[in-house]
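Questions regarding the structure given below will be posed in turn.
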């Protein structure tokens, strides 16, 4: 029976090609607009590391100006100082922990054909790799010993390894940057989390680093952070004074595998800040926070306002398209009321006619959905071209493709329900009588 | 009232020419009740459309109430139609979205009467067909005979000189048909010229005069001889 | 003229009325609010930076290796760049306006003040800055060569005694007064800075910052680690040629550094306003699509109605309606439907605006958007219905006598 309905639906749609095209186009445009913005919203707002996002906690402590909170809403600073980062690393109270910051690495390739170029590095600890789980192509992370010894080691990104070593296994090879030789211990596969959640300080969609090196090595070599650097008071001249200052420029993450571990760590932090208060630091009220990944992303408002507004607008637009389709289907089905009456007279039940017309709307929905999918791909292409660094968030994944098609069919069937119901209402005799 | 002389109507498609009317001449006098009969395809409807200024003719001359309508533009024809002609259709042609009052109001709106005048005329004509009490009803709530009476009321509301009826009882059962027919006769008695197209000889016989159309030509003119009823004779002498 | 019967006929098909009405209402709400957002973005993008953007560009240098020396590099670079043909002037700078990265600090009017009066963007430049950036001096004087310091460690405190500020900042700090000669404090527990000049305008690097018009020029060459930038102003029309030349020359004279960020200020502006431009384009597309869909919807529904009422139209013609009467009937009908939708749409528009105001700090919609929106949609509706209405007016009156 479904096949018959499908055949009838297709024939009916062919009968008024312009009207059909109008309906399909309407659904396609509405779907494309809403799916483009929804994809952005979904990719930006959804959990970038769902299997452990509740275990990874960002550390915030309030060492800011006693006269003025860091955030106008009273929130503590969004990074930590060098002294505190080092103290927390040494205490080692979390299941895993990593302090980190971004550095510039002017790379001097061995290969004379490749000109020196600027790479951006992430100075961090060995636990970084176990915590954020970047996939390795060759080798692996450095060990805790390398952290302690300020070893000259590096983990390269996939692209950097392509550029410097033509994609070969470069573990054990040397990379020279700013006149220092580093030994490659590992090479990552392509690693592009949709949101760069472990360091939002340069924007949530900022490019990933080209290389990773031990935090202590970077400090020993006096590498300046190229992320955000905020200070609220004076400090002495020179690098050591800077390290001892209350300037914040380091991101600190702790992995806490259970809620009891979280509670323990919280109380550890409180007692740490309590001790520091005795030394005259942390003069603001105790305001430690340990947001997990999703809380941190929400707190940092990773999804831009523009995108949220676009989602609302797009769905209002979809509503217009749907209403439009309801109207056109209504027109079409009512015009067919003679045929419907005839079918009723020939023995079709109201339910059968209903099914027939729902199938017809479904066909419009599928066509609209498929064309809408195509439009969505164009839309995302446009978004990628219009915005900077949206490459990782402005692309379709299978969930969104499925959502698109289902949304389109759902929308069209929904749009078809009322007209179908209306058309099936009138008694067969009445429709036959009026010619 | 209605004078057609050597009228021609040719439908042209790019393949064929169809002569719907050829050398069609007829004279309908003031106050007459003329029935036009003829088989299907003989040109009855074409004659009626031209008489009612719904269609243009391709040759000959047509004078309505002494006015030559040849060469008039659409607006002039519409105006003339609105003022001088009332229509009654086989399918009633009431507007389903409008109630009886508004249906009768339609031609009056085009006529440009003021609100009070329109109201007076609507009520008067609906009263005349016996449906004044149902003014707020919609056509779908009425029987066929009642709908046709509304259509007659609508045709009369503008006080036309000429009433054109196209198979006015075609969609009605005989009881209702008789009612409608009597109403038409009554209207004719009060001075309105009526031209009625029908294929029903019994109905035609109730008219003053019969015109038979065959192959687009008037082939038989004459008084309707049989079934002459006394009321009409009385009216004719009055 | 015949509004009441049209209305009562419309009321007989409430569904169609509601459908088109809601569509018009939503369209009005979306279009008005989207247009408002667009106009705000266009205003924002139209703000001048205060620089001679057409003829200026930035070029950056990042030193590396043990042999690299910042001070000689800057001296050599400045001499080289200033000697290039087609160059009008050059200044060293830490970061450029509209570049989305830079230095900001709080300003205090009193040394013992606990919280800052306002924030300002900081540009470390030399005495060529005004000419090199094309910034207009509004009051006071420019820096002198002997006032320019060199600070190799950007972390160090030590603010020089004289500064130049923007007019907007001067007005904020010393409202209604002549700022030249006035003093304020850039650092706690440090000697004050004296304003020696006021420039017409120079924007901060952060375009979404509420203090975007507050900038302070500091007579100091202060690289960020081994990173320094220059703003080069070319003679009118020679920017692109000078840009290529500057990049090549800087690369040549010092192999111990990377020459990077060679970008015209026009490019910097385009990048800085990229999100705003993107939003504008996206909203324009949404508006166009929406109006098209709505117009096509009206065409579709009107065509359907015309087809459905062919007989009715014929009857009206038979009853004396002229072609123009029929045309007018459909135009009036559309006008009524549109008006009903627009009435609802006006409410929806303001509701949407209030929602944007509460959640997105949007300003209040100016009053004229809704009436202008009314006019646009009325026009759109009339144009859309014109086709079907014309077709309706061509329905021959003889249709009335046809039996089917």
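Which chain is which? They are A, B and C, in the order written, and residues in each are numbered from 1.
In the analysis below, contacts are C-beta pairs under 8 Å (C-beta built on N, C-alpha and C of every residue); 3 or more make two chains touch, one makes a residue touch a chain.
As the structure is a prediction and not an experimental result, all values here were calculated from the model.
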item: Chain nearest the overall Cα centroid; value: C
item: Pair of chains whose C-beta contact count is the highest in the structure; value: A-C
item: Centroid spacing, where centroids are CA-atom means, of chain A and chain C in whole angstrom; value: 26
item: Inter-centroid spacing, chain C versus chain B (mean Cα positions, whole Å); value: 69
item: Whole-Å separation of chain centres (CA-atom averages), chain A against chain B; value: 75
item: Touching two or more other chains - residues of chain C; value: 403
item: Chain A-touching residues of chain C, taken from the complex the two chains share; value: 15-16, 19-20, 22-23, 26-27, 29-30, 33-34, 37, 62-66, 114-116, 153, 155-157, 187-190, 224-225, 227, 257-258, 260, 271, 274-275, 277-279, 281-283, 285-286, 289-290, 293-294, 296-297, 300-301, 304-305, 307-308, 356, 360, 403-404
item: Interfacial residue positions of chain A with respect to chain C in the complex; value: 19, 22, 25-26, 29-30, 33, 67-68, 104, 106, 108, 116-118, 177-179, 224, 233-235, 237-239, 241-242, 304-306, 308-310, 313-314, 316-317, 319-321, 323-324, 326-328, 330-332, 334-335, 382-383, 386-388, 418, 422, 435
item: Interface residues, chain C side, partner chain B - complex; value: 1-2, 5, 8-10, 12-13, 311-312, 314-325, 396-398, 400-401, 403
item: Complex contact set, residues of chain B against chain C; value: 45, 48-49, 52-55, 74-75, 78-79, 81-83, 87, 89-91, 93, 95-99, 102, 105-107, 109-111, 138, 154, 158, 166
